[in-house]
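Note sheet for the following structure.
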């Protein structure tokens, strides 16, 4: 029983009494939690309990929906994210989506798109960034000779790694992943999990997953969300993954993890 | 139980599976035959029209026909060189005016609706107004655009019969078409592309120019090519805005004559019916080539973007 | 359908553990009785029957491994299955103790050694009673029972010490009886170890419920054989 986490991790994102509403309907209820730096934090819970809504708050993607309004604070490295320009925020907080969504461009252009948008024009620098990102995403060896092929020509698992490389290219500090492996086959899933484990050295990772075993395998810290009767999502329990999955404190957590509901 | 079955047999008609299958197959054969017949009639009519025009028209087509200008007068002597040039000028002018306006409008309607959706304010109302207008205008007879063009550009703005008047009127004509096709093309771009771009920290414009427009390009180009076809084939609008000069237009305020107009004028004012057919034949060939170009280019685009 | 199949399978294994427990209880009682009555026949039968105990233990272990692989249990379910594996193991070792006693019954044969039959019988009854109740506490996850039973080990230990003294004094007094006397020592040792293993089962019961492993020492002055 080797426990490497003797060092108490620092907090990367602090959430304080965060509420989110779609018009009059409350989707998230008073969420308060610290997300640790350079760790993989998994968010689990039954369908509809607000997990995706929650992580989309970290990069303010929820604001794309007009009826959304929020209360409470989300503080990234000491700064309230609602006081930063969302475009700037999304450079620091990247996102990988459930279904791989590479642009209909070449592999090179897919990855260069972000840095270009942020002002990098020198082609040599872009090439370096593309290679670095693809290496970090464990995709370089597979595509280094075919960077001019369309991103859509890759397999599902490769496309998702391409999307991860694309997110890494703008050098974020936090990477949000919304069920990144749910559309992939088991082998591709395991590759993604291994990749995430390597990435946590340099990035803080928050991953939403439906798959209990994946959360247990692939994360350091786990948050369990549930849906209240009012259909608002709330945080039931949080803690080290090893604790949550062997000896959770809350009865609901125990039931959900053992597959007794949800 | 057995009693009931024999009773049931006497009361209802016995369904013989084999006979039923035979009946259904027979009905199917009849239906398909009728459909085939309809198709064959349609194609035959089409081929007949095109065939008649092309075969008769080709008789007058030669290099001289294409490179000399019309001589005017009842005899209809001369070729169609200036009309070809005028048509090209007009197409370019119309598209130059209509495309940016149309694409820009469509981008506004699609990409900015979400910001204002659900909010009862001016912009939301405006977008709905645009959409309704586009739908109505698409069905308006083209002569009305012509009369509008005459009243506003030719008379009121004193542009007279000119390329500019015709171009502006033509732009009004094809604007609904471009807006509609561009809007549709933009709507087929998956939301995931937009989200993917924004999640990288791009601004909305970077997203539109960098991802959305390139993805929608095949559809947008189709719309533009359709508009080109429309302009080439159009007579009513340009009849009242372009004038009928058979000379080469010198500038935007010059009058001129498109090929379609020339066909009408040859047929109605001169005896050179054969030349009218010749010009028509060329027009038909151009339209066919345009359509082929649309087909090929859209297949190429989808191949490129799906990477197969 | 909250994991009905899974719950059923767990219940099956629990029943098997109870069954194994009662086989061990019976074997222990029989071994003590046959020892007291110098019944070589019963002792021999006992030794053969130990194979049944071993077989059942492996069957239980196999069933648990299958559940671990196929059902991916977590939290309480995981602790339960892990504990059942260990308890099956403890029971099988207890069965070996009973077999050991039977072996010594045969080896001792007819002997005129002074044997503290009453104490041995008492130890056997106590140990079996502790086992029986600890297994029911285990199945029912009854923590208060599980915390109470280890204290009874004190009495077993006391009896063991008493027998130990008696036997050793006998050895000192009559060195010619050392061989037989050491066989006797093993018999009482086995009973004392059996009771210790019951305490282990109680520890596991608490673990299932609370996730904490605690050492429960009945007493400190336990003399190891």
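Which chain is which? They are A, B and C, in the order written, and residues in each are numbered from 1.
The criterion applied here is as follows: contacts are C-beta pairs under 8 Å (C-beta built on N, C-alpha and C of every residue); 3 or more make two chains touch, one makes a residue touch a chain.
Bear in mind that the values here come from a model prediction, so they are computed numbers and not experimental data.
Central chain by Cα centroid: A, whose mean Cα position is closest to the mean of all protein Cα atoms.
Comparing mean CA positions across the assembly, the chain most remote from chain A is C. Distance between chain A and chain C, defined via averaged C-alpha coordinates, is recorded as 52 Å. With centres taken as mean Cα positions, chain C sits 91 Å from chain B. Chain centres here are Cα means. That of chain A falls 46 Å from that of chain B. Counting partners per residue, chain C has no residue that reaches two or more other chains. In chain B, there is no position where the chain touches two or more neighbouring chains simultaneously.
Only residues 59, 61, 64-67, 87-92, 94-95, 97, 99, 101-105, 113-114, 116-118, 149-153, 163, 166-167, 170 of chain A touch chain B when the two sit together in their complex. Only residues 212-213, 216, 245-248, 253-254, 257-261 of chain A touch chain C when the two sit together in their complex.
Note for the complex: chain C touches chain A at residues 2-3, 6, 72-79, 210-211. Touching chain A in their complex are the following residues of chain B: 114-119, 190, 192-193, 195-203, 206, 210-211, 214-215, 304-308.
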